[in-house]
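Two complexes are shown next, each including subunit A; its partner changes from subunit B in the first to subunit C in the second.
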Partner chain A sequence: MTPGAVTVVGRGPAGLFAATLLAAAGLSVHVVSSSSGTLPLWSGRFNFRDWDQGMVVDNPWDWWMEHGEQHFVGGTARARWRRLWSIWRAVGQQLGMDSAIPERNRWTVTPLGRRRPVFWTPPWELALDRAPVAVAVVGLEGLLDFEPELVADGFQGPGAVRTLRLPWPPDWHRGWNTVRWGAFLDTGSGADWLEQQLVRALGRGPAGELVVLPQVLGLSRTDVLHQRLERRLDRLVREVGLAPPGLGGMRLEARWTAWLLSSGVQMHHGRVRAIRDAGGITLTDGRPVGEGPVILATGGILGGGVCLSADGTGVDAIHRRLLGQLAEGDDPARALQWGLVLGDGGVAGRQTAGCDPDVHGDGGAVCLWTAAEAVDRVVPGLVDRLSRIGTVEVAVLDVSVRGPQTHKEAQRV
Partner chain B sequence: MVVVVGAGATGLGVAWDLVLRGVPVTVVDAGDLGHGTSGRFHGLLHSGGRYVVSDVAAARECWQENQILRRIAPSAVEDTGGFFIEGADEEGDFAAEWVAGCRAVGLPVSDEAPARLRGLVPEVRRDLRRVFRVPDAVLEGFRLLHLLRRNIVKRGGVVLTHTRVARVDMTGGRVVGVDMEGPGGRDRIACDVLVNAAGPWAGTVSQLYGDPIPLQLGGGLMLIFANRHTPVVVNRLSPPGDGDILVPHQSVAIFGTTDVRQDDPEPPPVTRAEVLRLMASGRAMFPTMDSWRVLRAFTGVRPLYQPADGKGEAGSRRVTRDFTVIDRVRDAGVVAVVGGKFTTFRAMAERTADVVARQLGVSAPSRTRTQLLEAGVSRAADSNGPVVCECEDVATAALAPMTAEPLSAWRTPTWLAMGPCQGTFCLHRAAGLRRQRASAAHVAAEVGALRTERDRGFTSVLWGANAQEWALNRAVRAESLGEALP
Partner chain C sequence: MFDADDACLKCSLCVTACPVYREDPQFPGPKVLGPEWHRAALALPGLTAADHVDDCTFCQLCEAACPADVPVAHLIAHHKASQAKSPVVRLRDAVLARPHLMARAPGLAGLGGPPARWVGLSVETRRPRPQPLRWPAEPAATGARGIVALFVDCFTRAYDGGAAEAASRLLKAWGYAVRWVPRESRCCGAAAYAAGQPATARRIAAATAEDLGVNHGVQAIVTLNATCDGTLRDEWPRYFHQDVPAPVVPFAAFALAEAPPAFWDSLVASPSGLVFVHTTCRAKVSQGEGALLALARRAGADVVERLDVECCGAAGSYAFKAEHHGVAQRLGRRAAGQVGGRSGTLLVDSGTCALHLSQMTGLYAEHPARWLDQRRRGSEANLGRSTAARRT
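Moving on to the complex of A and B:
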């Protein structure tokens, strides 16, 4: 029997995605969380599968077809992934981030100047499929999170790379972090300042030059500023995601939460003490919250409430169960294997079901998959039936999946 | 010219003593300042109270040096005071013996009401029989080492880190020079006297000049907790043993220590079993210790001189029971100094320098007892410019003077990457500053080395909030910064 209401615990990407699916299907949804989710940590990108034993995965679609069996994905991986990314595309569009779902991994650079694969990004974030003919890496004086010389190291290749640094803005203070920079560039005077400085510093530049900036282009007026800069400079402008706090993730969270609230989802704040037999949960202060079946989307960091003790014992703090024991000399990453599997008392999130997204680069995809699985367990068939997210129709992707041969060749590159 | 091997407290202390006597000195160390025992202690400036029963001479010397260090290095000493606490379950009457010992040594000790200590340290055990106050203090070890270097260099001495002694040139049974390998390649220094102050590596160094020193090495484990927990040093009042001292340091607290025999001069790996043993003794003093947020664990190695006959031998003088100056071979120009405590480093250095001065025919007396170690720029000036490390409030102004040095050398003078995030949220900023002076490959290697160094002390204490911090740090490094995980 389909429940009329569902309670989701956790408001990271998995929790918000679960709530989105449920709300889009017309269910009454409650989201409970004790803190902000993990979205503000990241740039807002969703990766699919980046690495396989240290090698870059070129085509993640094929990778999952080939290796999905060893993970939580069964033989239906191709159709399921196509479905989930199609829904994600629609979510992005609904939230004003109209980015296509790519056929292959692309690449980006990090603030440490490392080149790394990347799959889906919001429109403002750097994601390339080939080396640009020319790049201008533009830093901001006083913003140490983005040193142009260091970032430029990630652009080795045939294209010309130049580095520039804009001077301090008039009100700059040594305490300005990325969030403060974002707030400054949300203002009219901040946007004017950036535009003027960029025009002056960049000059005419080579044809087809890509302008790379740190991810500080505002929090709430990013789209306006981004489009204005691209028009004025007559170049592509892209941001590089920085170390936390990540403005890209904060933008995504703000838009997503606002849309969920406007869709009737109820957000509650508090720490969960127990899941109620009658539906919903009880908070530590005794308040009953929510109704219906409960989806735990708490598997973000150290998946699903794994608690480690000094003696190496791991306990599932949600269900109060012993998970395992680290022996002397064990790699602590073994504890990640204890992340709860879906099913009885299952948990959704990037680090559940034995996934290690920090090694494999599949955190975004794992969030989508585990959240969708959790939703399907509560309302069977919901994910396959879903035809629209808000006002956006779910258009099923046409992704041409190549054979494993291509995939192996690409790995050697 | 005197070459001193070892840039720990002892080696730098000897060099400081000698430059004050007008003797030219070069200090060499294979690692960074204090990468050995001096950088790996609990940071207690002993009053001597710990030794008044077991080693009266050491206790007396601690109390003397405690007073001297407060005078000559005020910027590296925090006068917290300390307490010795006796639980209701301690057997025998150690306290009476201890109080008598304090009197004999001349250590000012006052009998306090247990309630007074509980007012200061609410987390201390409740069933206290007796509580005594002593003039313990906190010694900021790295700050003192950097003070010593600054003052040595100001007076013409040279301190070379990451420089290894490859060969000692002995001609006619006498040292005439030293071959070194450093970042700039191989180099040679002519010298009249070689001082072996290499701590746990003193045995290795002694083989280079053909007079092997027998050492007994003991590894000790310490835990750093992420909060201060106490404004005063707290010692357990019982014969010195494992896990009986808690020392507040700025915003953290260090609890120690253990003592396990070992052969390797390198700090031993942290084992879970030893951590649990240390936590068990900690709980006996602070019942809530299990719930304290742990930050990292580290080990240090104590070197002790261990001659075959168990006492001294010809040519060696046991100055007190815990440190030894060795110049066994007449006129070889080699002096070794082994053992001791950070608290008494100046006295060790003075006596070693006396031997060196005699060999050189220098008659100037030691002046380290009264000469102030001058602090450099103020902390306030250091805080100019954008913030690099939020945990420890390190700004670009503090790092600017060291951008030509590898990232590993930025840590101890400034406390960069020493806070709860262990550099996860700031190392890329430091790398950006470093990139202005070094190649991409150098920066990448230095970032990797610093991560490895920090992780060593971090991954061994993964419980509670620290486990979550570890998982978060791992995610940030892999996801946001694109680093390869070990």
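Moving on to the complex of A and C:
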């Protein structure tokens, strides 16, 4: 039987994805959160699987085929991943961020000039299959998080690399961080300033040159500015994600929340005191919210679904239910596995199912997969049946099936 | 001072949520003005206030974003208290911090020209026109579904009495007896707290609590203003040391939960035109977002559009102060850009936001209770006409 309404606790990427699946299927959805989600802390990229014991994973599709069993919901099949990434592509399209799902990991460069693998990125973010023929890395005077000379190290190879630095804009103040830069470049005068400075500094440049900027290209008018710069410069322009706060994640969160609200999802602010037997939850101020089954998407780095005490006891922070106890000498990471509460409702998010996205580089995939599992537990088969996200049709990905041995292709970068 | 006042992790999520930080290049942001200043002030008693601390609108979106429960906005309010101000500005702020007294002489809000400039009021910002509450002849003693207290805040009482009357008519139609509380013009304390006068705010709230007159027979306190709603439910227990005698529920949420299905079904007969919805910053913090949109859709609005604005810049009396005029304009401009000259109705449950947004966008702004009541009456009239037409 399909429930009429579902309550999702948590508004990080897993919570919003769970809400998206449910809303797209026509269910009434309530999202409850006691603070911001984690999205404003990162660039908005969704990774699949970047590393395995320190080695770069070249083909994450194959990696999951081989290693899915280690992650509780064992044997995560290629077809399931294809389905989830197809849905994610449609979500991106619905939110104005049309970006293809790649067949392999691509690479990007960190602000420290290191190469790192990357899978799905919004259209504005740097993600490369091969070294570009020429790169111009453009820094901004006073933005210490992005030193062009340092970033340029990541592009060393056959192509030509040059570094440039734009001067301070007229109203610049040394207290400006990325959010301030973004707000400035959202304005007409800010966008004009950047365009003029880039035209002047870059000149004609070599053919096929890629322009790399720090992630500051606006908050609410990024698409307009991005397209304008690419047209005017006649070059690809891409951003490199910086240390938090991350403008890419802020853009994603703003678009996603606006779309969910316009799709009828209700967002509630408050802390959960209890999950009601009759459905829905009660907040600490006594407000009842929602009805029907509850999905906990509180596994993120900010909330954490599991409270681990000094004596090794792990308690589910919302149900106040004992999840387990670490024995002396146990690996504390074992406690992360307690986050996957099976049975009633579901739990979604990065800290569940024994995953460790900080080490593995699989945060995006874990969000998609755990949220989908939780949603399917509430409405069996929903994820497979879903044909549209808003006005966008879910088009099934065509990812070629390769042999299961690609793990051996892992290489150090 | 408060729980978690020293728990800041410096994650900067508060900065990402701050609407003023994006619009005012001089504004240092909530992290610097709240938890960081608080830590510095503990170490250095007598620390002077930072420049621009008063530019904070007290929207509390920073506090709502904080994963560590730091009372960011309330630390900023205490920071504001240490500012040095001229006697004239102190007088102006003392008056604006007591809107319940202003509401007893509502014509004062129209103060313009040189006297307004002299006391530091913005002469460009639209001010409210008096529209006092008319007391009903005989308040009903009981209703079939029980008794609710309608919290008639000081702004509604003096400048939008029709909203309270409309809400009362609807609540009665849904089977409730309605009591208007408090007995006379009182303030929940929000205005004084926002202006950096926490001690005054607590005194004002204590007097309101005493005069509230909500006894145990009352099922709920229904609020008409999003700021009063959050102040009563969330802030009274935590920051004002006041108990709330009954559950506090905003009008829109009460309507969605308690209005009978037959009521909603009766509304589809009346066309609505384009309806914009603005959820105020304080409603986002104390409630969340989506209830007003749901109300507009449930009431059969033809086209509903959400204003994509975090804080509109009105922020109670913030936009009335001359030194905040620029920031208030910049905050409201986003709404103006989105509306783009289209005409329609804007639903918003805050009188000052309604004033500011109608000035910025040209939309006709009104309280959801008024709009719903008009739709009810319009539907009845339409229905009456069509029945009459059938008869002839």
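Definition applied: the second predicted complex is superposed on the first by the 365 of 413 C-alpha atoms of A that agree within 3 Å, B and C clash if a C-alpha of one lies under 4 Å from a C-alpha of the other, contacts with A are read in each partner's own complex, and residues count from 1 in each chain.
Here is the rule we go by: a contact is a pair of C-beta atoms (placed from the backbone, for glycine too) under 8 Å apart; a residue touches a chain by one contact, two chains touch by 3 or more.
In this text, all values refer to a predicted model and were calculated from it rather than measured experimentally.
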Have a look at where A:Gly175 lands relative to subunit B and subunit C in the superposition and call it first, second, both or neither. both
Mind working out whether A:Ala258 is in touch with subunit B, subunit C, both or neither, as first, second, both or neither? second
Looking at the overlay, what does A:Ser43 touch: subunit B (first), subunit C (second), both, or neither? first
Once chain A of both complexes is superposed, is A:His269 in touch with subunit B (first), subunit C (second), both, or neither? second
Could you look at A:Met250 and tell me whether it touches subunit B, subunit C, both or neither (first, second, both, neither)? second
Comparing the two partners subunit B and subunit C, which touches a greater set of residues in subunit A: B
Of the partners subunit B and subunit C, which touch A:Leu202 in the superposed model: first, second, both, neither? neither
Does the superposition put A:Val56 against subunit B (first), subunit C (second), both, or neither? neither
Would you sort A:Glu149 into first (subunit B), second (subunit C), both or neither based on which partner it touches? first
Give one of first, second, both or neither to describe whether A:Leu236 is in contact with subunit B, with subunit C, with both, or with none. neither
Dual-contact residues of subunit A, meaning touching subunit B and subunit C, are 41, 175-177, 244, 302
Given the complex with subunit A, which residues does subunit B contribute to the contact? 271-273, 275-276, 279, 290, 294, 384-388, 395-396, 424-425, 428-429, 431-433, 435-436, 440, 443-444, 447, 459, 461-464, 467-468, 470-472, 474-485
Interface with subunit B, subunit A side, in the complex: residues 41-43, 54, 109-116, 142-147, 149-150, 153, 174-177, 241-244, 246, 301-302, 306-312, 326, 328, 332-333, 335-336, 351, 357-359, 361, 363
Considering the complex alone, what residue numbers of subunit C touch subunit A? 11-13, 15-17, 21-23, 25-26, 28, 64-67, 69, 233-234, 247, 249, 284-291, 293-294, 297, 306, 308, 334
Okay, in this complex, where on subunit A does subunit C touch? 32, 35-36, 40-41, 171, 173, 175-177, 179-180, 182-184, 219-220, 244-245, 250, 254, 258, 261-262, 264-270, 285-287, 302-303
